[in-house]
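Quick heads-up: structures coming right below.
Each of the next two complexes has chain A plus one other chain: chain B in the first, chain C in the second.
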Partner chain A sequence: MKKIKVNKNKYTVIMVVNIMVVIFIWYLLSDVFKVFRNGMLPGPVDIVKTFIYKLTNTAPGGNTLGGHIAASMIVVVTGYIIGVGVGLPVGILMAWYKPIDYLVRPVFDFLRCIPGLAWIPVITVWLGIDLKAKAMIIFISVFVGIVVNVYSGIKQTDEVKIWVAQIFGASRWEVLKRVALPSALPYIFTGLKVSLGMAWLGIIAAELLAAQSGLGYMIMVARNFGRADLVIVGMLTIGLIGAFLTWIIELIEKKFVKGRR
Partner chain B sequence: MNKMKKVMTTLLIATLTVGSVFAQGSKETKLKVGENGNPEIRIGAMAYYLSVPLQVIKDEGLDNKYGFAMDIIDFPSGGPMAEALGAGDWDIGPIGAGGMVAIPRYNAKLIADVETKMDGAWILARPDSDIVKAGNTLANYPDLLGSVATLEDKTMLGTIGNISHYMGLDYLSDFGLGMDDINFIHMETAQIYTAFVAGNGDLACLGSPSAAMKLVKQGYVRVGGLTQQNKSQQDAMLVSDDFYTNHYDLTVNFMKAWYEACDKLNADPAYEFAKVKKFYGEVGRTDFDDNGIQQECDFNTYTDSTTALTNNTGEWMKGLIQFYVDNGSMDKSVIDTLKTNIKSDVVKAALSK
Partner chain C sequence: MSKILEINNISKTFTNDDATNSKEVLTNVTFSVEENEMVVVFGPGQCGKTTLLNIIAGLEKPTTGDVKINCKEVTAPGPDRAVVFQNIMLFPWLTAYQNVEYSMKIRNFDKAERAKEAMKYLDLVGLNGFEQSYPVKLSGGMKQRVGIARAYCTKPDVMLMDEPFGALDAQTRYLMQDELLRISNTEKRTVVFITNNIEEALYVADRIIVMTDCPSTVMEEVIIDMPHPRERTDQKFLQLRKEISAMVNRRR
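What follows is the complex of A and B.
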């Protein structure tokens, strides 16, 4: 137990040192050597200043950083919940019932190759430009990620375990509930994490469709005004929120998946 | 732990090496030699009216006459074009509102205005909208339609940071309104067109004449526009800091060719029509018919060797940047950078006898 604690502390130190080294290298490249011309890579100090400025100021883009985060979270969470809610049963049904697999897979394999960005013109016409259109773009990305992982997870259930359950008289539904789903949990949680990343990737595409606020919107506005500092603030914020949400999913995973510490 | 120290040290040494190799200094770009044996200028261009003189330069052999070759690099819009200038990817080129980023942020020099007269950046509404029904309510702006009551809380589609945003905000300010009084939805030009036709939004701000004219043809009504709002609409000729500093004579020679091309285009409307049509054909534009091209030719006039010297170079860009400084989108310091980066000496040198 003591050894585990020592190892954990060691890795925490390595992580902190690693982050500090990256920031120092960034500082060297941007502020000391000025590798990129015309301030195209603002230094860490400038980024912190812009971050603090944007907490209370609305220009450019008409909203504070908090307002942009809230706007994006609404879109991401809506699209994510619907994507998981639909993707989970579809993935399970495809993996567990062959006729459904044969029926759905060709269409799914075709649709999953189309990136969220490519849907923008048709979604504009079908769903307009409000929340449901943006959530739809997130939904598409999340749905694909969830289905692929749930499908793989259930398909890889140990056949011996299935036979044992069947020998003891378990129905098909019980085998799914008591054997296949628990053994697929690591894949399902991987799907949840991967899809969360896809949702945050999709926010840029979704807010490219039409937006009044949001982190993707803030990045685009900053780009149009040549504000590399604000672009980086937007990128870092997306990264930090994504990492935070992934951490929450990992906490839940630790509770439900056996063998995870 | 020792292993980690080694990795970190190696990483730092690598950074120091890379940094010192690529560290910014006063580097001069070496020019390639073009097909005609002359030094090659990398020209930034867009598939719009502002770049048509390049077609004339090419067709009339003016590049060869003035001792340069052209490598034309096409961009879809001013935003990416400005960023490419920042990255050092082109030397000279005509640009619109994208210049407001390129000049203060990437130290580009504004050496000339491209047009003296322009139109086609318009705000469109649906024919049955109450904005159109309100008619003209501003005596100072007889071509504007709408009223404070009909505009409040409406949804306006536009692209933040380009001419459509500027035009939309200026239109609202003529009614004493601001961005907080409406819902301004940011979209790219192509999306604005699709969304508006699909029934979204009450007003479409379009900086692209082709999209605006297409909507008018479909029965949508023009309620505003830069010209109708008594605001000038122009494009500017930009040159990168490096090229201006290190290849001044070539910059002057390019402008000599540019003005000779503009003189030809302004002198003969039939020639202008033919060159615009040829240019749009060569760059693959299919959104225009002959009527559209004629209308665009009628709307616009190039700054030529006669008008260039009487123009107050860069006034339009100053107004545009001041507008964005006033609403807090850009820092005040960009005004000073802009002033130092407007260089009218190139035009004077190009047109001196």
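What follows is the complex of A and C.
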């Protein structure tokens, strides 16, 4: 037990050192050697300054950093929740009931090959550029990611484990509830994490093309103003929020997925 | 004694999907099992034994023939025929206790009764103190104990054991054979036990059904009337071992 703890601390040290090395190299390239001319690669200190400045100032882009984050988050969360909420049952039904599988899969296999981002033009034509439209783009990406993972998770359920439950007299529904779903749970969480990444990809792309606020929009405006520092602040913010949300999902995963090594 | 399980003329041929290839693994298998008897199905090689057990369990259908339990024909798996599988197949997301309790949960027993029964059988297989452990934390022998407790807990008429100790190391295997005898002495059950290990068969069996190699059929039934505990180096034990081995080898 003690040994594991020492190892964990060691990994934390490695992680911190790693991040510091990256920041230091960044500092060397930008502030010491100035590899890019006229401020196209601002150093870490400038980025922190811009970050703090942007927390309270709206220019450029018409919103504070918090405002942009909120605008993006509400779209991501809406699209994500609906995508998961629809994707989970669809994936489960497809994997568990053959007729539904045969009915849905040909269409699904075709649609899943169209990247979520390819929907942006047509959806902006149909629905405009408001929350509804962007949430729809997120929904499509998340839905596909969830269905694929839930489906394969349930499909890989060990046949003998299903037998065990059948021997105990479990009905088909109970086998699904008590065997197939628990054993698919690790796959489902992989799906949740992968689609979270897709959701962020979708929102940034959508905002770069068509939006009036949000992190993607902020990055685009900053680019037009030649504000490399603000572009990088936007990128780092996206990274941090993504990492934070993944961390939350992993916490939930630890609580729900039992008996793993 | 009454016949509890009857296997009548079972044959099984596997055919691949496009019917171009078929393999007969069982042919005209007939034997019966009496109540509280420990019957060992012993056969060399990899042919047919697990299929036979799956057919008795109702997990696979025979090509011809039928299986009767308490004079009723087997058509589907059910709790009257609990199976201890070769690779155990505990549910990794449940603790030892929850795995044992599982079958009662499915049949809607109330919580107090589930707890009482589960603890009783965990105790019987010698796992007190490990109730809350997940299978990853248990050794192979302990997992198989959970598997046995889980099967006992369903109160089956017949316990079907498919090479239950095949994956264990030699020492643990001996230990588990003793444990199996101790457990089935404490609470009598009818057991059909499959193995390809002649020593194991002789150590636990009341009767050995000797099978031929592919396609399998019953070659000989040998009643083992040696008292327990048996000594593996006993003269009679060695003699029987020699005879049955010769029987099997002759026919290969």
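The rule is short, and it goes like this: the second predicted complex is superposed on the first by the 255 of 261 C-alpha atoms of A that agree within 3 Å, B and C clash if a C-alpha of one lies under 4 Å from a C-alpha of the other, contacts with A are read in each partner's own complex, and residues count from 1 in each chain.
Here is the rule we use: contacts are C-beta pairs under 8 Å (C-beta built on N, C-alpha and C of every residue); 3 or more make two chains touch, one makes a residue touch a chain.
Please read all numbers here as calculations on a predicted model, not as lab measurements.
> With both complexes overlaid on chain A, does A:61 touch chain B (first), chain C (second), both or neither?
Only chain B is touched by A:61; chain C is not.
> Could you look at A:161 and tell me whether it touches chain B, chain C, both or neither (first, second, both, neither)?
second
> Let me test your reading of the model: by the given contact rule, A:224 touches which partner, first (chain B), second (chain C), both or neither?
first
> More residues of chain A in touch with chain C or with chain B?
The larger set of chain A residues in touch belongs to B.
> Could you tell me if A:178 is touching chain B, chain C, both of them or neither one (first, second, both, neither)?
second
> Between chain B (first) and chain C (second), which, if any, makes contact with A:35: first, second, both or neither?
A:35 contacts chain B only, not chain C.
> Is A:257 contacted by the first partner chain B, the second partner chain C, both or neither?
second
> Once chain A of both complexes is superposed, is A:169 in touch with chain B (first), chain C (second), both, or neither?
Touch status of A:169: second partner only.
> Examine A:12 and indicate which partner it touches, taking first as chain B and second as chain C; both and neither are also allowed.
A:12: touches no partner chain.
> Of all residues in chain A, which touch chain B in the complex?
Listed in rising order, the residues of chain A that touch chain B are 10, 14, 17, 21, 24-25, 28-29, 32-35, 37-40, 57-62, 120-121, 124-125, 128-129, 208-212, 217, 220-221, 223-226.
> Sort out for me which residues of chain A touch chain C in the complex.
158, 160-161, 163-170, 174, 178-179, 182-183, 185, 257-261
> Show me the residue ranges of chain C that touch chain A in the complex, using the header's touch definition.
So the residues of chain C in touch with chain A come to 57, 59, 76-79, 81-83, 85, 87, 89, 91-95, 102-103, 105-107, 134-136, 154.
> Where on chain B does chain A make contact in their complex?
By the definition above, chain B touches chain A via 1, 4, 8, 11-12, 15-16, 18-20, 22-24, 79, 82-83, 86-88, 101-102, 104-107, 157, 159-162, 179-180, 183-188, 190-191, 194-195, 198-201, 324, 327-330.
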